[in-house]
Amino acid sequence: MDFVLIQFLTGLSNASALFLIASGLTVIFGVTRIVNFAHGSFYMLGAYLAWTIVRAFWDWGGREPYLFVLGVLAAAVVVGLIGVAMEMTLLRRIYRAPELFQLLATFGVVLMIQDATLAIWGPEDLPLPRPPWLRAFIDIAGSRFPRYDLILAIIGPVVLALLWLLFHRTRFGILVRAATQDREMVAALGVDQKKLFSGVFFLGSALAGLGGALVLPSQSANLQMDLSIIAEAFVVVVVGGMGSVTGAFLASLLIAEVQAFGIVLLPKITLVLVFLVMAAVLMVRPYGLLGKPQAHARAASGAVEPTLRPAPNILGLAGLAALLIAASAPFWAGAYAITVLIELAVFVLFAASLHLMMGPGGVVSFGHAAYFGLGAYGAALGLRYLALPMEAGLVAAPLFAGFFGVVFGVFVVRLSGVYLAMLTLAFAQIVWAATFQWVDVTGGDNGILGVWPSAWAADKSVYLWLALALCIGGTLLLRRFVFSPFGYGLRAARDSELRAEAIGLDTARLRLAAFAIAAAAAGLAGGVYAYAKGSVFPTYISIPKSVDALLMVLLGGVQTVTGPIVGAIAYHGLFVGILQATAYWRAALGLAIVVLVLAFPQGIAGFARDRWERARGLEAA
Amino acid sequence: MSAPVLEAVSLEKRFGGVHAVAGVSFRVAAGEMLALIGPNGAGKSTCFNLVNGQLRADGGEVRLGGQSLAGLRPRAIWRLGVGRTFQITATFASMTVRENVQMALISHRRMLWSFLARATDQFRAEAEALLAQVGMAEQAGRPCGVLAYGDLKRLELAIALANDPKLLLMDEPTAGMAPKERTALMDLTRGIVRARGLACLFTEHDMDVVFGQADRIIVMNRGRLIAEGTADQVRNDPAVREVYLGSGATSGGH
Amino acid sequence: MLSVSRLNAFYGRAHILHDVSLEAASGEVLVLLGRNGAGKSTTMKSIIGIVRPGAGSSVTFAGAEMAGRPPHEIARAGLGYVPEERRIFTDLTVMENLEVGRQAPREGLAPWTPERLFAIFPNLGRMRDRPGGRMSGGEQQMLTIARTLMGNPRLILLDEPSEGLAPVIVEEMANAIRQLKQEGLAVVLSEQNLHFAARVADRAVIIEKGTVRWQGTLATLEDEPEVKAQYLSV
């Protein structure tokens, strides 16, 4: 019984930190409709800043508790101001952009903050020295429980109460709730949106900073804090219901308790457990515990998907020329160039598979790397346990990924918008966690090595041709699907679900089919990649890999069928270029993402098409 | 009178404590235009959505040509021959006018799950014939997103006719249109309903349209049917005047 | 009071309004007539700044230039806007909806308070703590007007106030508009319903394809059947 109580209290104290972060995220999302990826970075900054500020205070006035409190609050305020700075310089320019662009822009900020933190504080973990009062224990039912954790457990409910008062008893709070529903209308009633948004960003970011500062004594400031917390925070926000602070509180309790007991009872699957809880909640309540179906964020004037026209002939010729140049590379280029070209072919298919869902399907997957990775692991596991040769492995890869595409897709296609994106991210994290934690089967962090091609394809040149045939062939097939009755049905379901169902289309099944096809195609790309590298690792499934795919599609332009191809080539070129050029490649990549989002909101191909159509006076939709 | 195409029997629907539809029954025969009117919140939309399958009735039954529609989803009901238009037009904005109709035909002919054919080559002539019926032939190649409102309404009608329906459901078909366009659209509809022998059920706020086009009118208030009859009978019904028509305005707030 | 001249507006590449010019004096009820898609709503949205007017457009209100300023500044200058789709805050109560609309009192006008508004819209006074989402369409329409009045506007833009309302509610709406006129407010409304317009408005501006085609009093319009036939499809 004691064990239950202690674990329960541990859960409560973890829930508080989680709630602080998630409530900030959910408030920001509610009002600005921005899913702020950089929220985890604010949490991390809170910890680092508290480490610096609290230590400075202690050096000056001794290790007094009140100076710790002051330092934590100061860290929160500074993080709040950083949040406001980001809102004013970056987000203010892209409030009208599609939500995915906003997400990517904030991911660019994640990368920049990572490198900035590394430059300022260095790569080492930074623990806060703990004076005796921070290390004190109290007796609970005969067990020793850290007093600090008990204090943390109380902070969550206190913050919840304060937020409730803020939102129901102050004019600022009422305006925030109104703006959560319809910010344009709030502006038309004389409320300055900019101030409101900055205020909300300050509040949300400061909450994240406070969370980071408060966990510092029990953890330590480190560079992995941002992405590890953001996935959990997303889960809490989605489980609680996007935009609902009370929901975030309940969800953080649920998740933290599941973790607290899971770590004792089912230590092998703790990472998976959290996401399983999320999937279970969303099955019963698709919009989270206290969420409501999102009134589809009021489309700012006239944002309509354009009609699709087959590519002009000249584009086809250019594509053919590019393909011929790539295929002839063995005769004029070196080994490194061939490696790059193989990767390029893989990423073209990877991006095209995501595009099928995002473009015609209108389904934004935030965890597409899962299927890439499943394809790679499908081939590798086939080799390890069934001794499958490469030929069979390349068949197994899309089947394995496609199978999971169906399994996950069944849940995913019931949702829409941000919920859907978050659920795909959650599934990707499950797959990642499984490959990472299930060491006996997957080799964990060490991956699976020795995944080499069959003898006939061992030569790099031959493998390039094989990769081109499979990946470019696959991409062309996906293109064909887009223009088929199936592809039109998919677009119909995206354009107007109401009308689609009213003419007998089973929209959920259409989306599921698209999801499975996209997963299988990504799996094929992953399989080809595995044999090219000779190994597979959990990083194939990581969040940055999923973001890679999104960037390729968006860079190219989601509204054109050619977009993902152009995007994959441009992105990979950028990546290879930056990676070789600078030590701070994350910051450089982050900056590039931000600039691209600001400069090419339609993507490269979308931009080119717009010019093309303008020049010819074609009627735009 | 011939056997009804649509028959609603004692429909019931509750939302929480609200009795939105309470024991509503009506019939629509082939070739007949039946208008459903009533104040905002009277239960018209709920009633309408019970018929088209968007909502499930708590009691009672809807029958199409004698067959019960209980538990069927909207798309299954469509397959049985029910075409619909919406209060706020719902079309596929990223497609051309012709492609919108082709999409409906592709679904009707169960061609949806073909992956390699070109969608724009399917049922092209048929789509154009339907568009010609509603006077939209010359706009077939335009993106649907740039159409004028009245034309969108006509496109919706063409889409609704693509599955060769027995019953046409129109939710406020003339909302947001100018008086003459309204009459034109409803004249067109009436002509098609007569020619094809369809049954047509529509809701409407414009009394000119209701009194001018409907063969019969049913009036709802607070979830119940309070009157039924011809234009004159309904116009002179004191209960209808009190809750809906007001002090003598013949033309309402459309 | 309000003077719009050479107003142009665009949605992406589409040119929606072409040199629209119109004026509204204080205490006047002006109606914009025209078919759906003629540009009435866009005119209103451009005046309030939700749609950004094109270069060269001018919207002066109470002597100050409004074109190019953000919506909240225009609203604070005393221009109230009631959108077509009502757009009340469904999660907020009636009182909270009114609070969102509240702005500082305006010189020379008796400030609106919830109590004064409930005198005009008695229904609302009976449901102060009801969430907007649980009100009927007619009640929501009243709330959206009351909410805008809380900003103490000198002029109020009403986009299609009678759309989708039952005839009885439409009568209530007409009474409310006449009462606002008596309070000294200028009202600009858009309508497709000529009967309704004739009951409340002093003057009409007919818009078609984003261009002003005709202006004059409603009495004059009665005598011009060709105008009505050509632009209003009556």
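Going by the order they are written in, the chains are A, B and C; count residues from 1 in each one.
In the analysis below, contacts are C-beta pairs under 8 Å (C-beta built on N, C-alpha and C of every residue); 3 or more make two chains touch, one makes a residue touch a chain.
In this text, all values refer to a predicted model and were calculated from it rather than measured experimentally.
S.K.: Based on mean C-alpha positions, which chain is nearest the centroid of every protein C-alpha shown?
M.R.: Closest chain centre to the overall C-alpha centroid: A.
S.K.: Could you tell me between which two chains the number of C-beta pairs in contact is largest?
M.R.: A-B
S.K.: How many angstrom lie between the CA centroids of chain A and chain B, rounded to a whole number?
M.R.: 43
S.K.: Quick one: chain B and chain C, Cα centre-to-centre, how many Å?
M.R.: A distance of 31 Å separates the two centres.
S.K.: Enumerate the residues of chain B that touch no fewer than two other chains.
M.R.: 146
S.K.: Where in chain C do residues touch two or more other chains at once?
M.R.: Within chain C, the residues that touch at least two other chains are 14.
S.K.: Hey, what residues on chain A touch two or more of the other chains?
M.R.: In chain A, 620 touch at least two other chains.
S.K.: Would you mind writing out the residues of chain A in touch with chain B in their complex?
M.R.: By the definition above, chain A touches chain B via 304-308, 480-481, 483-489, 491-492, 494-496, 498-506, 510, 619-621.
S.K.: Quick one: in the complex, what on chain C touches chain A?
M.R.: The contact residues of chain C facing chain A are 11-14, 45, 48, 50-51, 70-72, 75-76, 81, 83, 87, 89-92, 96-97, 99-101, 103, 147-148, 151.
S.K.: Report the residues of chain C in contact with chain B in the complex, numbered from low to high.
M.R.: Checking each residue of chain C against chain B gives 14, 35-37, 136-138, 162-171, 173, 192-196, 229, 232-234.
S.K.: Could you please specify the touching residues of chain B with respect to chain C in the complex?
M.R.: That would be residues 38-41, 146, 148-150, 172, 175-181, 205, 207, 243-247, 249, 251-254 of chain B.
S.K.: Show me the residue ranges of chain A that touch chain C in the complex, using the header's touch definition.
M.R.: 171, 174-175, 177-178, 180-182, 184-193, 301-302, 614, 620
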